[in-house]
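Two complexes are shown next, each including subunit A; its partner changes from subunit B in the first to subunit C in the second.
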Partner chain A sequence: MFADYSMSELGAIFAMQGFAGLILFSVFVLMALGLAIIFGQMGVINMAHGEFMILGAYVTYLTSNLFGDYMPALFGTYFFVAMFLAFLASGALGLFVEWALIRHLYKRPLDTLLATWGLSLILQQIYRSVFGAREVGVTIPDWMMGSLPLTDLIEVPINGIFVMVLAVSISIAVYVMMFRSTWGKQVRAINQNRVMAGAVGINTEWTDRLTFGIGCGVAGVAGSAFTMIGSTGPTAGQLYIVDTFLVVVFGGAGSLLGTIASAFSISQAQSIMEFFLSGSMAKVLTLLVVVGILMIRPQGLFSLKLRK
Partner chain B sequence: MQSSAFMSRKEIIGFVILAALIFVIFPAVLDNFRLNLFGKYLTYAFVAVGLALCWGAGGILSLGQGVFFGLGGYCMAMFLKLEASTPENTAIQSTPGIPDFMDWNQLTELPWWWEPFYSLPIALIAVVAVPVMFAFIIGVAMFTRRVGGVYFAIITQAFAAIMTILIIGQQGYTGGVNGITDLRTLLGWDIRTDEAKTVLYFVNGVLLFAVLLVAQYVRKSKLGRLLIAMRDQEDRVRFSGYNVANFKIFIFCLGAAFAGIGGAMFTLQVGFMSPTLVGIVPSIEMVIFCAVGGRLSILGAVYGALLVNWAKTSLSESFPELWLLGLGGLFIAVVMVFPNGLAGVWSEKIEPRLLEIMGKKKSVAPAPDGAPAE
Partner chain C sequence: MSDQNSESENNHLSRRAVLAGGTALTASLFLPKNLRAADFPTAEVNTTGLAVTDDTVTIGILHSVTGTMAISETGSVQAEKLAIEQINAQGGILGRKIEYIQEDGASDWPTFAEKARKLLVNDKVASVMGCWTSASRKAVLPVFEQHNGFLYYPTFYEGLEESPNVIYTGQEATQQIIAGLDWVNQTKGAKSFYLLGSDYIWPRTSNKIARKHIENFMEGCEVVGEEYYPLGHTQFNSVINKIRLRKPDVIYAIVVGGSNVAFYKQLIAAGIDPAAEKPIVLTISVTEDEIRGIGGENIAGSYACMKYFQSLENENNLAFVKAFKEMWGDDIVIGDVTQAAYLGPWLWKAAVEKAGSFDVDKVREASPGIELTTAPEGYVKVHENHHLWSKTRVGRALADGQYEVVFETAELVEPDPFPEGYQ
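Take a look at the complex of A and B:
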């Protein structure tokens, strides 16, 4: 199958395909980071995670309309404001959901799964009633359009680069929060031993709520970033949820590095196979391999040794 | 102990009431269209009963029951489709004698794995055997490695996703997103007439009762007690010398077999099978049927399937927008407010009141299996 291509063309194909994989990787990382905090650190299954992302996407959509209508001069910068607002909106919703729902269910993880699924259905219907069933797209600022020609054959889209930069910076931000801040220290302490953490004076209830809120806020930022590369519909969140969970579980719950490594391997595998097979078969094969590996190694790629 | 008997008196009454409802009251009250609809709901009850055993008793939450429902349904649909695609019926195709969707997708030959489905006995065996085999592979891989709880739920959900993508992607072999449609006869017997639909409804009811009796037997047997013990204290059961994984594999396969039968009956009564019944959304909806009925109660599961689907049909007929809100609210309510579902409401609230009114000064025992735990 390679006979028709010259060497340089092949190289270009692999480079572009690899780059497409990198964009997919960034998307996976963005999706999975919030979940890695919520599921990895708290052990809460949040099936409404996708809907929190979509909330961020809709906030971005609203912000872009607002800037377009009232502040066209500043339109180039609206995205940064939108990202901040998306974080606040999703985070606030997260805080509320934790207070109303999740905190009653910490002892029953499977029930959390069902309740958050119910929440996701409700949110979907609300999005549909408010924004309509059709997908909406935002106007991308001019500086993000177009692509950078690297060589004669290789071109990379700017919005893809932007999403990658975003994924890297958010990963670093989450890392700093988890491992350098007081909050992160408290979260990890609670994860290791909740009772002892409480005994040394950590407000476990508040830390849980904050953790959930921050996880949801990161999801909102991810959703905001997605508007740069695709459109947003009320049910789009559901499409991501299985992938996202597999990324986190495959990486090893509780390990931030594992999440990033698994996002990288899954996205690269998928995009490289997409070149040889049809899109759906590439997806099926990737998922099967991931599930197969999880069957052999249920704890995921990187696992923390914990005394439970 | 009284409960060592196959059924307590209360359970016999419960079975009789359900039988009266399904075999006498529904056919007498409902017109043909509605009866067929209720027949469709009852096919979901097969899945819900399986889940009551797996999840309620065993604590294994599978979010992939739609896969087994679909596998059973597809096995049946493949047989019916082959019967409908005789060379005479499909003479206008470029390759007569193969199902129409294969012809549309430029297939010129029946794939080898379709061949066995020319035979009804093989198809009927496959309806149970294929889901069970699948469940067995998943079960052996997961349970012997002690994967359980939420991880099991997520991985079974991934299977539901894989299955849907596969069916939709392989359009030429599976009928794609439309599924297998236009099914006509079963061994020359037209399944689309009102009369046939009534007969199928009763066959469905009888099968459901057979499944319920098997489930009741399992629940009352030593296996059933072990399941509950495993759900609550898995390690103690293991330390007592039992092979926990084998029991889990068995109950998971049994649930899959029930789901497969339900799927086959769905295909027969509704007349098609499509990936919309396989994926993540239907699979998790099947869990809610079981949860609404009361995850511990096999009879409750049947009522749950009936009630939720009936609500779905009537709500989405009149207020399509409310349905998703209602379903979402139901998920939350069933978890937060009444975790034992209808069966719990019945045994905790209604039954004591009823007995009080009837003047019996008898204290009612709590639900036989105790509260659910994770």
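Take a look at the complex of A and C:
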């Protein structure tokens, strides 16, 4: 397969392929972080995660239209505003959903699966009614499109770099919130022992709501970023949900580090196999390996020691 | 969900259609004379108990208006309603107004079969305009064959099918593929092709035909890669790197749905600008509808090969686009399948009038040889094999989301659903 190519060409291709793997890794991290917070820290299986992402994408679409119409001079910067608004919108919807739906189901974790699945269908139909069944085209500022030629042969996509930077910043932000803030301490306390945490005066109800909201907000930011690489339509969220759960479950629920490690291993495996095999086969093999490992290690790659 | 359109809505729509009806007027010039219901007693034109009265005939519309496929099928529903409205404005079929019952297939194949059965058995509709994906067509096929219904199917598809109960108004694979490959070879000098597709029957069958044609019928040409990705796949960086490595002259892409958007965005982000034509991007799966989601600026310069583009400059099409926009709004775009869906009611009308009857058996018998001079795509004719003779065109995508037609076959291309030497 490689006989006809010179060393420099091969080197360039492998460099770019390595980069493609890193982009996929960043995409997985962005998708999974919000779900990892919710699933890992609260035990809520949020099937509507994809729809919270798409809300962020639609907010980005609206913001781009707004800037295009009223502030064309600032169009190049709208994306940052859009991501912030996406966080607020998805986060606010998350707070509302927790208040209206999720908090009544904490004692019935399997029912949250059904309820959030229903929620995802409702949200899809709302998007369809409001924005139309067709996908909307989000105009991306020019500076974010195209590629950066590093050498004659190696070109890296600018939006890929953007997604990587974003994934790293959000991971750091989540880490700081989780392990350096009072809220994070409370979340972890509740995760370890809910009753005890309540007894020492932690407002578990409010902490839960905030956790859910932040998880959804992070999903919104991810959705906003994905307008650069994917489609924005009522059902586009469904494209991400399987991979998202795969990453979180494989990493071990409850462990953010596990999520990142799992995103890394799945993305690298997939990207390397995609290069040597066909796309569909790569997916099949990735899933097989993941299933195999989960059979041996049902708790996932990393797991927290919990007092049960 | 079903809605039977009321009489008052009908009248209201008719008036609008008359105002809108450039196409209707053009079409009426070709009619022998205004047919009156009294000349065609119901007992004679309907011997099999279909939903035909002295002044109405009921047909079914069966598409997904909810679920994943709603994105694509909405345009077909709109086109069919426009055609029905225009036919009614001209006085209907055999003097009878067309009424329709619309059912929602909900992007779910068993639902399609169930709704088809409902339309045929309970509602006794005289014909059905419907389906979009091959999967939905395969699901309803046994129902139509069992209950002797008559389906007009609008989508370009993989071929390998010829049902007595279906008229295929879109192109089958060889019609769409061969002319485009020859064109890119002859005018652009392309020799090597990278075939790419979503992983299901249509892209796979189409690429199989493309590969056979490239390897057996195009001198000195070769396929340097063939690859499929699961439906809904959103990460194409690996395949883009492989394409870079293989350096094909043409990327032949049959990617569908949300994957489409991801593919073109990532292609341009990776520095492969279709407008530079290095390599040339040739697709058979992106109509004007899909471009709306992809963004014209991301796909400008790619070539698409199909039978219809909204920008076609002929009288029929100008009138059709005008009427369509008046009915459904100015910012709407019309893709290949939408136009093919628009042909359905007109072809059925022509067949019924030729047969002088609504009976499915007689309409079937009358169908081959039916000609339509008023089709927006130009002259079409129904083949013995229930597909349409039609021209194939190549369009170059523009940044405003339209295609500029750069090539069209001189003659109509014969439909060949079971192509010899291609299987």
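The rule is simple: the second predicted complex is superposed on the first by the 308 of 308 C-alpha atoms of A that agree within 3 Å, B and C clash if a C-alpha of one lies under 4 Å from a C-alpha of the other, contacts with A are read in each partner's own complex, and residues count from 1 in each chain.
To be clear about the criterion, a contact is a pair of C-beta atoms (placed from the backbone, for glycine too) under 8 Å apart; a residue touches a chain by one contact, two chains touch by 3 or more.
Fair warning: this is a prediction, and the values are worked out from it, not measured in the lab.
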Checklist entry - Which of the two partners, first being subunit B and second being subunit C, lies in contact with A:Ile158: first, second, both, or neither? => result second
Checklist entry - Does the superposition put A:Gly40 against subunit B (first), subunit C (second), both, or neither? => result neither
Checklist entry - Can A:Gln238 be said to touch subunit B (first), subunit C (second), both, or neither? => result both
Checklist entry - A:Leu287 contacts which: subunit B (first), subunit C (second), both, neither? => result first
Next on the checklist: Contacts for A:Gln125 in the overlay, against subunit B (first) and subunit C (second): which applies, first, second, both or neither?
Outcome noted: both
Checklist outcome for this item: Dual-contact residues of subunit A, meaning touching subunit B and subunit C, are 125, 128, 238, 278-280, 283
Checklist entry - Which of the residues in subunit A come into contact with subunit B in the complex? => result 43, 45, 101, 104-105, 107-115, 117-125, 128-129, 238, 241-242, 245-246, 249, 278-281, 283-284, 287-288, 290-291, 294-296, 298
Next on the checklist: Show me the residue ranges of subunit B that touch subunit A in the complex, using the header's touch definition.
Outcome noted: 55, 61, 141-142, 145-147, 149-151, 153-155, 157-159, 161-162, 165-166, 168-170, 280-281, 284, 287-288, 291, 321, 324-325, 327-332, 334-336, 339, 374
Item to check | Sites on subunit A touched by subunit C in the complex | outcome: 5, 9, 13, 16-17, 19-20, 23-24, 27, 125, 128, 133-140, 145-147, 149, 155, 157-160, 226, 228-236, 238-240, 271, 274-275, 278-280, 282-283
Next on the checklist: Residue numbers of subunit C touching subunit A in their complex, please.
Outcome noted: 65-68, 70-71, 74, 199, 227-230, 232-235, 237-242, 244-245, 257-262, 265-266, 268-271, 289, 291-298
